[in-house]
Structure formats: C-alpha cells, structure tokens
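Please see the structure below; I have some questions.
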Amino acid sequence: MQGIVSGDNRFSRLVYVWRVRWKVRARNLAEFWRDLRGRPLALLGGVVVVLYILGAISAPYISPHSPTQGNLRYRLRPPAWQEGAEPGYYLGTDDQGRDLLTRIIFGARVSLLVGLLSVGISVAIGTALGALAGYYRGWLDQLLSRFADLLLAFPFLIFAIGMMTFLGPGFTNLIVALTFKGWVEFFRLVRGEMLAEKTKEYVEAAKVVGQRDWAIIASEVLPNIIQSVFVLGTLRMGFMIIMEASLSFLGLGIQPPTPAWGSMVSVGRDYMLTAWWVSTLPGIAILIMVLAINLFGEGLRDILDPRLRVE
Amino acid sequence: MAVKNRMLLVLMSLVLMAAPLASCGTPTPEVVERQVVVTQIVQETVIVEGTPVMVEVTKVVEVEKQVVVTPTSLPARDVIIVGLSAAPVTLDPADHRTRNSETVIRNMFDGLVTRDQVSGVHLELAESLEWLDEQTLEVKLRQGVLFHDGVAMTADDVVFTFERIINENMIEYPEVHSSPRKGLIAPLESIDKIDDYTVKMNFSAPWPPAIQMLVHQQIVPKHYLEEVGTKGFIEHPIGTGPFKFLSATGLEQIVLERFDDYWGGAPDLEPVGPPCVRQVVFRVIPEASTRVAALLAGEVDIIQALPAELADTLAKTPGVQVGTAAGTQPKWMEMNVNQPPFDDVRVRQAMNYAVDKDLIVEAIYGGRAAALAGPLSPYNNYINTSLVPYPYDTEKALALLAEAGWIDTNSDGILDKDGISLAFTMDTLEEFRSLAEAVANQLRALGVDVGVRFWEYSVVKPMLDANERMAYLDDWGDSAFDPVGHFEAKWHGRVTGQTYGRGNFSGYNNARVNELTKLGEITPDPVVRQLIYDEAQQIVYDEAPAIFLIIPDETEAARADIVNWGPAADSRINLHDVCVAAQ
Amino acid sequence: MTFQSNDPSASVLLELEDLTTVFPTRRGVVRAVDGLSFRLRQGEKLGIVGESGSGKSVTLLSILRLVPYPGQVSRGAVRFRGEDVLSKSAMEMRQIRGRDIAMVFQDPMTTLNPAFLVGEQIRESLRIHQIVPRSNGFLSRIYDPLRKAAEYRRVWGAMSDVGIPVPEQNARRYPHQFSGGMQQRALIAIALACEPQLLLADEPTTALDVTIQAQIIALLEKINREHGTAIVLVTHNLGLVAEFCHNTIVMYAGQMMEMGGTDAVIEDPKHPYTQGLLRCLPQVTAKRDKIYPVPGLVPDLADLPPGCPFSPRCEQVIADCSGDVPLKQLADGRMVRCVLY
Amino acid sequence: MRAVKILERVLITIPIMFGVAVVVFFFMRLTPGDPVDIMMGQAGAVSTGEIEQLRREFDLDKPLYMQLWLFLTKAVQGDLGYSYTQKRPVNELIFDRLPATIELAGGALFFSLVIAIPIGIISAVRQKSLVDQFSMAGAFLGTSMPSFWLGIILILLFAVRLGWLPVQGRITYGINLEYVTGFYVLDSLLGRNWPALVSSVKHLVLPSVSLGASVAAIVARVLRSSMVEILRQDYVTLARAKGNREFLVVMKHALRNALIPTVTVVGLQVGSLLGGNMIVESVFSWPGLGRLVVKAIFERDFPLVQGAVMIYAFTFVIANLIVDVLYTYLNPKITL
C-alpha cells in the first residue's frame, strides 16, 4: 500500500515539476522564436534546412524523372541554360543519362539521413557515456576516457576507411563507421561540462533532497548541457555529409544507383573537364545544405549560449 | 542574406569559369607517313616425311601506317615526362605482378623477345628460338649486348634470370622469398647453358604460348646482382634496355637516362638504335582528371589510362593528341549458373540480348571499344571468327524470358515467376562503375530489378570462389593474346587447388569445354588449336554463362609534339622510339 | 572633516554637462546616463553612489570615451582642463588616457591581463606615453635596455607606492599568482604609473575583503594627499563615500538624484532614495537595529515609468511624480531631483 | 621542471600507442580479404602451393596471437616489418613518404592560419559588419566543400586555365635539389637554391589550400568567437584606458588570450590535416603517406597499415603535446 501512496506522491510531484518545466519551456520557445527572428541569417538557414527536409520527404512527387533509371542516349547533357540541353532535364544529366535534378532531390534523402543518423547516434552515445563518466568518475571514466583518447589518435578519415573496408560498403555500415568515432567529441564535451556542472549548487541541492543519481543526471544536469551538444551537433552534420563524399571518393560510400550527394560529386569528378555539372551541382547542393545547417547552428549558439550575447 | 547570395554568385562564376577548357596551341610538327610491316613469329607445324615438325615462321600480320618525324632541327626538348596511373611496386623484373612495374622495367630491361604495339612477338635479346622438341626450346643469344655498366650479356645472365624466377626463395630482400612471376612461366622446369650465347629451356609439358609468355620476363645481370644483392639492385637497377636508371623518388617519380651504348633493340621494330630522347621521367598521377589537367598544362608529355569520357574532348583539343590501341581487358558480367534464375540458359541468353553493347560502346566509350563475340577478346590469336556479338533485341530477350516463365503478371514493371520478382545484385569493382550502371540500367528497362554493389576484389573474391554471388562484372587480362591463361581460368570448371577455373565466377562447368581447354593447352599445332578453341568458344557462346560485354581500347594521350608514339595493346609504354618534334 | 578641504578656489579639472549616454537595444534606446552634470576641482574626491545599473560605471567610461559598442554619448559635453574631450581626435584621446586620466576597475581578477607579467602591465602605460625618453642610438627604437631599466625603476616605485612588497620580485609574477588585494594594488599601480591628474575608481573595493578594503581606501587617500590627484570614486557603499569623499552624487537609473557635500548628504539626505539607501546601511554601533531595505527592484532601464524613475519604489510618492521632475538647487548648493522640494 | 613534465607527457603516450597498435592489428586481421589473393591479382597462373608459400613468408599461417606478439615485439625494437606489396621495410617506406605528408600538412596549416587569423580578428573587431558576415559565410563554405572537389576546381582554374600554378607533384622536373631533410622547401632554403624554393612553394600552394580550407574555416570561427568574448573583458578595456592604440589592444592584449582556445582546436585539427591528406595527395599526386596507406588498406598490406597508422597516431599525440607546451606559454595559469 505504501508503495502506491509514495508512488502517488512522486507522481503528483512529477506532474507538478513537468508542468512548471513546460511552462518555462513554452516561454523559452516564444523567446527563442523572437531571438531567431532577430537573426535573419540563422532564420534563413533554418528555412533552407526545412525546405531541404520537405524536398527530401516529397521527393517522389516533385521529381520530374526517375532517380535511378537513365537513358544512355541522353548522357551528359548540360543544364537547361547551356547549349545542347535536353528539354525537361533542367540541371542536365549524368553519365548514365539520369536527370540530375531528380537525383539531387532524391540525394537529399540519403545525405540528410547520413547527417542526421550519424550525428544523432553519436550524440546519444556520446552524451550518455559522457554524462556517466563525468558524474561517476572512477574506473568507468578512466576506461572511457582512455578509449576516447585512443580513438582520437586515429585520423577520422583513415579510421572511416578502415571501418568501411572492415564492414563492407552500404548505408548502415556507413552510419556505423561514422558513428564509431563520431561519439568521442560529444563524449568529451558532455564529460567536461558534467565535471563543471557537478560542482554547482543545484546538483548539491538535488542530492540533499535525495534525488537519485540518474534523475539528477537526466533531469537536472543534462538540460543545462544539452544546448552545447545541440550546437556541436548541427556543426557536425555538414562534416558527416562531407565524410560520405570523401569515402565515395575511394568507392566506399553509398552504393549505386542510390543517389547521394557525396557519391555524385565524387563520381562526377572524372567529368569535370567535359561536363562540369555532374559533380558541381550536387556539390552546390551540399554546400547550401551545410551552409544552412551551420548558419542555423551558429545562430542557435548565439541564442542559446548566454555568454555570447551582446547585451 | 545579401552576403550569402553574393557568396554563391562568386562560387557559381568560379565554377562556370572553370568549366570550359582552354589550352595553348602547339605548332604541329612536320611529319611524313610511311608504312611499317609488322611481322610476327609463329610456330607452324610442317609435315616432313609424314612427321609433324614444328618450325618458326615470320609472318606478315599487318601493314600499318606509322608517323615518323623528319627532323628539321634538333629537338627542343629532350626530356619526356610520362604520367602513370599507379606506381610500380619495384624495379626488380623478378619481383612484381603489376602492369605499371612492367611498363617502367621494360624501358630499362630487354627480354629474350618483345612485343610490338599490336600483338606480334619479335626477337629481342634472342637471336633465334628453336624448338628442339615439343618441350625443349633452344635460345641463341645476341652477341655484343651490353648491360648499363658496360659488361656484356651472356648465357650466364639468362640462366641466372630464369633460375631466379623458377627456383624457390631466390630473392633475399627484404626477407627471403620466391619470385611472384613464376606462375607466368610455370611449365619451365630448368634452363641449361649450352655455351656463352646459347641456352636450352626445358618445359615439363608442351606449352604453345611459351614464346608469347617470354615477353614478360626480362634479363638481369648476374654479376651485378651477385655483387650488390637484391637491395642494391632495386636501389639502382641495371639492365640491357634503351634507358638506364638515373634516380627514383620512392617510385613516385622514376628518372631514366638514354643508354648511349644500347645495342639497338629488336631489329624488326624500327627505328633501331639508341633512344631519341635524353631522359624519360615516369611520374605517378593516380587521379585521372589530374593526369589530364597535367597534360593540358604541359607538365607531362604522355599520359596513361585516359578515361574514355575525356578521349573525345582531348582529341579535339589543340596541342594534344589521343592514341588508341586494341585493348587486352575484355569485360563480362558472369551469371551464377547454379542458381535460379540464371540456371536457365534461356535467361542467360536473354540477358545477352537485352544489353545494347553498341550503345554502350558509343555512349560510354565514345566508340573506343568493341563488342565481344563470345568468351575471347576479338584480338586473341585464336578468336572464333564465325561468332558475332549477341544482337540487341529486347523482344527476343522478353520472349526467351517468357519461355522460361518470367512474365510481368502484376504489371509492376518487374518480371516475375511464381510470385518471385526477377531481381539480382550485380557485384563489381568501383573501376567498372560506369559500365556496370549502364548494364544494370538496360536490364532494369527490360523489367529486371538490378542493384549494383561495389566491392573490393579481396572481399568479394572468397564469395565468388564459393559461388555465392549472383552476378559479377569484371574483366580478365589477355595480354598474351593466347587462350592459355584465359580459357582455363575463366571457362573451365573450377578445380580446387589448381589453376583451372580460378577466375570462373559463374560456376560454369561443361565437360566438353573442360576437355577442349586441356587439349588446347598442349596442342602445338596452331591449326588444330584453332579448331579446338573454335568449338570451345561456340559452346560457351551458346551457353552464355556471362553477358559478353565489350573490350575497351587502350587510350592514351600525349602532347602534340610527341612523335613516334602510340599506345600498346598491353598498355606498356615503350619509349625507345619516342621523340619530341622540333619546334 | 571633509568639506572644508575641498578648496573652492582650486581650478575646475573636469566638468560634465548634460552628459547622456545611450545604448540601443532591441527593446528601444536605453539611457544609461541621462543628463548628468557636475564639476570636479583639482584634488577633489568625488563619490558617485547608486545601485547596480544606475549608470555610475558608464559615466566613468563616457569620460574616457570607452563606452562599449553599441553604446555612445548622444548629448552633452565632457570638459577636461577646459578642453572638450568628446571632440578630441582618437590620437589626442589616447594621450589623455592613462597619462592624465587613469582608471581603476572593479574586479582585479578580470582586469589584469592573465597572459602578461604584472610588471610588464604596469610598465605598459609608461611605454605608451613615453614617460621615460628613448636613449640615443639607432637601435633604441627596437632595443633599449637603458630605457627599460629606467622604466622598471619607476614600475618598482609605483609598486612600493601602492604597498606591494619586494616589487623587484613581484613584478616578475603573473596576476594569478597574486592575492585579490595585491591584484587591486597592482591595478592602482598601473593607474598611478604615469602620475595622472585624475583617477577614476570604479568600485575598487567591491571584490575585496573588508580589511583589504580599508587598506585600499587608505592608499587612495594617500595618493590624493601626496600627489594631489583628483579622484572620482564610484561605489554602492555609502559608508565608503562618507569616509572618503568631499562631495557625493547619488544616481538612480542614469539620473543624478542628489548632489552635495558628503557630510550634508549623509546627515541630511533630501531625496527619498538617498534616505532609503542610508536606511539600509547597517549601523555597527546600534545593536540589533533593523535593516530597512529599499523596497522593489532595480528598474529596467528600457522600461522606465514616466517622470521620476524612482517613483514606483518611493514611499512618499505623489501624483506629481509622474510629471517632469527637474533638478533643483537648494540653498546650501546642494542639488536634488524630487518634487518634494 | 618543465622538461620533467614534458617527459611525463611523452611517457603517457606509450599506452596510447600500444592501444593503437593492438586496435589496428585486430582491425586489419579481422577485415575480410586476403593479402595474398590481392597480391596475385587476376593475371597469370597461381597455384595453391604458391599461395601457401606466400602465407608462410608473411607469417600469415601462424595463429593470431603469435602474429600480434611478433608484431609488437618487433615494433618495440623499431622494426615495423616489411610491406607485402612494396617489398620494402615499412620503416623505409614511411620515412620516404612522411616528409611530403608533413610538408603538405604544414603548408596547409600555414595557409589556414595566414588566412584564418586575420579573418577571425577582423570579424571579431568588426562584429556584424559586412566584412564579418562575408568572411564567416566564407568560413562556412570552407567547411562545406569536399577537399577533392575544391582541389579539382583549383587545378582547372589556376593551373589549366590561368597557368599560374602547377597541377601536380612537389617540384618541377629538371630543378636540381639536394635532398637533405625531405622537406623540399626546407631543403631549398638550406641549399640557398632559389629556383627550387620558388618551384616547391608554387607546388605547395594549391594542395595546401585544398587541404587547409576547412581548417582555416574552423580556426577563423573559433578565433572569432573567442575574440568576441575576450574583447568584452575588463582587461581589454583597461588596455584601452591605458592609452593603447586600438591595434595593440587587439593584437597584444586580446589576441594572445584568444589564441588559447584556438591553439587547442588547431592541435586537434592536426590530426585531420595528416589523416585528411590522402585525398588531396591523390588529387595533386603528392607522394605522401596518405595515399600509400589507403592503397595499403585496400591491398591488406597489414604491416604497412599498422606502421603508418602508428606513425599517424604518434604524430597526432606529439602535435598535441606541442600544443600543450605552447599552451603554457600562452596561458601562464597552466603548468602542463
């Protein structure tokens, strides 16, 4: 019986805490929106990211052609504004006679997924381990930190190449390879912040009140850290998309005929002299995407990190 | 916002500026054309008093036009820089298995025989070759040939060279190991010195392609190797070739210098004498686009492995010339004949009908390729001339598939049978990406759901060996222009632990083809051999264990003022005759 | 004790007239200093008191024209020795800074550059203003050991002036190796290195222990006495002002609320705000006396009420408070901004 | 004192190197693909006997733990074995190539700092100005371009079209240079060989730009944000109040402190400069270690990969050690 009662108590307390939290959050959201509007570049970045996501989701409906099926007869046709263009192929065609515009739109799916998944999983693993290591210290921290040092000593690209040859090419393996080293940065970030936060009064207070460790970590400390994690995350997304391009350069990227920007840029490099668009246009798609993510991320950092505010 | 737009604009214009090409023009050298007779040594069996005797005949195989410069003044440049696609692994003729190693080595070393730019074999260091019987070859050596250190080449060097290859553990650096080139002359059992300029090679069995294969072995100096050892030798190799070693920077850049005391080279291959240029530089430029850019910028004079995409553009670019030669790397997509759907010969034939090889040749290779008519390269000496490539005929393909039960019943665009879609993954290597995607595309258009997957050879090889994969697109070198090395590897059934079927990734195993393959290997009589291989090719053609695709030409490019130059069929760059035209 | 030593015949060193410094923010223009006027005579010690955000520090920064971007002086004049500071060129301004007017900041921890030796930081102003002339010789522009030695002698002098022991050694230490009091002394040594006529001290004791506070104040006192350096002391500590300054200005929300001789202001505060401030001052002598806080919070400068900015917190508020409240001069030369007078 | 601490730090690298060695060893062995298979390629005849013999020669027939033991004991003695494919000792191969890689990484670092530091400073000083927004957008571009793509565009523009800079290689053929250190720029300086210096620097420009662009972008951004923060510090105001020229305020008082986080980031980027090399090395046919390693990975040249990765890790660790030492000079509060 007692369990139920105390459970009830806890439940009502949790409800109360959550309601307060959500109120704070709603206010923060409104404030956040106001701040965002004050930063046109960040806003623009956000809008572009949203557009990309929408484009990726609706790819089958807005694409003029098939992303995989080409016609060799229309091979390497230039974009519409150049002489010799094939009507209906606005951005020209690639070496298999596939519509480049379609492939770029469909490529957004893969590239965004690569970015989101590799960063998302890295964040999840890095934050969880970082929080544990920073909070408990001891042998766990030692173990994880040394492992992180070890991974850091490998150059990322070499490591990814090794992983890809180890696992074999493919989308899942790509994500695994990128994540395997990607989490270290988040680990280091969260661990460092955790060490700093842990000494602060509110953590002490929570301990005195008798909160459990996991609750302190999850609901007291992490919300204070998550902002910098978020910012680093947005900044890493572009990096991951480019890593896919670099791996494609070596034939270890996304497998054909699936369109991915990195592979498209990489494959098209042989045609740079004769058909610049094959490589350049997907390259510009990456560029705008990464630019938008970074602008958005930078704006977020300005907004979320009070230390950097001008006023 | 404005800033961002401007940035993009700058970038775009940068890209657009870079897109069209410009190149400086070079005055065309004054040239004359003349005809060159290309001959080839062939063994023929002549019936003497009722007994077949093998003799060697020099046959005119081709009369070709060759461009030769009329020197009006001394060449302006006497250094030629060659852009290689990959680094040689060593300069020791006995210790490598890569084409580019051979490219560099053969400019420094001579073999007993050599090959012209097509496929003809000519005597080089050998003055004559004579089969004493089916398994014994007597080689008379040319006299007065000097190594780069001035010492004369004798039978001792030849014996040493071959013993170093066929005996175990002859190479002591960096650790003791055996020559990886043994496989290229496996039937050679021993070599005996008869006198200073005569050796006798003893084979374990009759080996018809022996002379073709001898092209790939170069003679090294016994006295020098014994003095400096392998380490000293690879640091400063010495041979009898037209160029002597000058320096190497980690094999990324190898500089050779004209050997003024060169004996002249194969008398059949004019011009004879010391090389034209003073120095040649081999520089490794792995990226194709960089190689082309370096050629356009005038940094290199000759580039190897020109991508087919760029050949047309470069051919039209002033200041640059493009050369092609018949290739030696035929490409197939092998189908697993032991698993459905490819266990049905009709499906395999349908696949052959479904691929428009001519379109691929035109679109992807710019016409610089040829369609395959069956299992052998059209340039092979034993090609079955009665075979023609499977025509592009989608109706026939569909009919054959329908006959085999594959019809699109649920009209999803994919053929199916018993509720199973006709689908498979085509494995291949990254280097065949364009071709693989084109083939997959065409099959998809027919209603076959084809995916492409790139592998590293080493990773996919065990799976192919186990016959686990459905389809594999790759090529198999044919640089000896003989079915041996090719037919038994590719179309003979797989025999564990033997060379038979080691490249057979389709699981194809036809008793008659196996029998014919083995017969062909030991039949010296070329006429009989032709009959044997004709039949074998016909069977493979009909049973179609692979889509017989294409064989691309060897395409190379050079600055316009490089003369006496042309790609060789086996992709070796022989710089002996190459000159720079006077300005 | 203090008012008489403020010699009215001494010449005016610094004069502020209707100084207004504004900061544009997203929620409108904030007047950090709003129409401030006062005069400072040579050798005078002036205290400026007020809560945080009342514009005290910005006043000092405005005098040196160091208001951080995007703030700027929008109106008024600052005259130093009769010359308009605001119209000076950047180069002339740099010559005044550090040499004629020096500033001591609030937090020595953040004001000393962590990357440089303390001695170097003190010597810097000497070098900038070329207090010690260059020696002869064509290399002296780049390498001048004699000058350096002479400068260091002055550095050590300044350091012992402010009570840093063993200056020769301590000059070769980094700020983080100093205690808080020593850091503040070093800061004052920096300010005094060039023997300025005017010292602007921005809460120089806030970050320090009480005992150290007293030492620092004694130090300032000594400087004022020995060098005749005029001092503007900004603080929120009325006790400090009472002890140290000839005259006092009370600021609230960027405006001057009250000004007068320190004794007069302390003993007979006119403005309700001043009264409130005095009431919160804990009396050490009166045991168990109650502390009366000024009710309410420091105002939001971007959102001030009409009229008197103190009116929302004022206990004596009347209807007129929301109208225009001008500064009034009282009989004894005191100024007060309140409708009650 | 400092020397002892540095030595301590060096000793700490030993377990890391050991870990790297073990990880890379198992990584390579467990990766599918057989070095012997790859070596023999497709051409010519190979018998099972030959393959067995090769495996014996490479110790591949021994159990894994024996191989690891052999590798580690030899590595401790400085012997990294010999390359299956190149037939040369791994040490020799690496030290042939390492100077080129380090020179390129150094060039890229130099380029990125030369670009990034002024940009970071100016953007921070002129915050929100057009210059700031423009260069920060440029910095974003720098991080969002694959290096090979940038490289090819640079080649087409500056080498092929304009002809200002060479396409590939480290030095123009025909220029004599005495190779002492293997760093061409250094060698030509040592030999007072001006044509060689001009040529080697010219060859270094485009690859450095391609490789350094992303580092430049990161450094510019980190420097800018730390500068922005530092410029708000009291000691910067004090520097102004002393009568310093604004230039000195920024370059002396602010920059020195803002460099502290920047140096950390640069230290971490050294890894990506060394390890990101192989792609730029391919594009510009720069005879460095990166290309060799990638090739070795593909060819399952175990000893070469093991050796090279250990060298990378070692260089990375050393670079970070240098950063830490540099740190103590920039920030007197920190003592190793």
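Per-chain residue numbering starts at 1, and chain names A, B, C and D are given in the order in which the chains are listed.
The definition used in the following text is that contacts are C-beta pairs under 8 Å (C-beta built on N, C-alpha and C of every residue); 3 or more make two chains touch, one makes a residue touch a chain.
If you're wondering where the values come from, they're calculated on a predicted model, not measured in any experiment.
**Student:** Given the contact rule stated at the top, which pair of chains has the most C-beta pairs in contact?
**Tutor:** Ranked by C-beta contact count, first place goes to B-D.
**Student:** Going by C-alpha centres, which chain is most central here?
**Tutor:** Chain D is the most central one.
**Student:** What chain is the most remote from chain A, judged by the mean position of CA atoms in each chain?
**Tutor:** Of all chains, C has its centre farthest from that of chain A.
**Student:** Counting only Cα atoms for the centres, state how far chain B is from chain C in Å.
**Tutor:** Here the centre of chain C sits 87 Å away from the centre of chain B.
**Student:** If you average the CA atoms of chain A and of chain D, how far apart do the two points sit, in angstrom?
**Tutor:** Result: the chain centres lie 25 Å from each other.
**Student:** Just the number, please: Cα centre separation of chain A and chain C in whole Å.
**Tutor:** Centres of chain A and chain C (C-alpha means) sit 50 Å apart.
**Student:** Between chain A and chain B, tell me the centre distance in angstrom, where each centre is the average of that chain's C-alpha atoms.
**Tutor:** Here the centre of chain B sits 46 Å away from the centre of chain A.
**Student:** Residues of chain D touching 2+ other chains?
**Tutor:** If we look for residues of chain D contacting two or more partner chains, we find 32-33, 127, 133, 137, 141, 152-153, 156, 282, 298.
**Student:** For chain A, jot down the residues that touch at least 2 other chains.
**Tutor:** 41, 165, 168, 269, 272-273, 280, 287, 291, 295, 310
**Student:** Indicate the residues of chain B shared as contacts by at least two other chains.
**Tutor:** Only 3-4, 11, 15, 18, 21, 287, 289, 293, 456, 459 qualify.
**Student:** Would you mind writing out the residues of chain B in touch with chain D in their complex?
**Tutor:** Chain B residues touching chain D: 3-4, 6-7, 11, 14-15, 17-18, 21-24, 79, 81, 89-90, 92, 95, 97-98, 168, 173-178, 180-184, 186, 234, 249-253, 255, 281, 283-287, 289-290, 293-294, 296-297, 299, 456-459, 461-462, 474, 476-477, 479, 485, 489, 496-499, 502-503.
**Student:** In the complex formed with chain A, which residues of chain B make contact?
**Tutor:** Going through chain B, the ones touching chain A are 1, 3-4, 8, 11-12, 15-16, 18-19, 21, 287-289, 292-293, 307, 309-310, 312-313, 356, 359-360, 363-364, 430, 433-434, 436-438, 440-442, 444-445, 451-456, 459.
**Student:** Give the list of chain D residues in touch with chain B in this complex.
**Tutor:** Residues 32-35, 37-48, 50, 53-54, 57, 82, 85-89, 93, 96-97, 130, 133-134, 137-138, 141, 152-153, 155-157, 159-161, 163, 166-169, 173-174, 282-285, 287, 291, 298-300 of chain D touch chain B in their complex.
**Student:** Report the residues of chain D in contact with chain A in the complex, numbered from low to high.
**Tutor:** Interface residues on the chain D side: 15-16, 19-20, 23-24, 27-28, 30-33, 127, 133, 136-137, 140-141, 143-149, 152-153, 156, 221, 225, 228-229, 268, 271-272, 274-276, 278-279, 282, 290, 293-294, 297-298, 305, 309, 312-313, 316-317.
**Student:** Give the list of chain C residues in touch with chain D in this complex.
**Tutor:** 61, 64, 66, 68-69, 90, 94-99, 102-103, 105-107, 110-116, 124-125, 128-129, 174, 176, 187, 190
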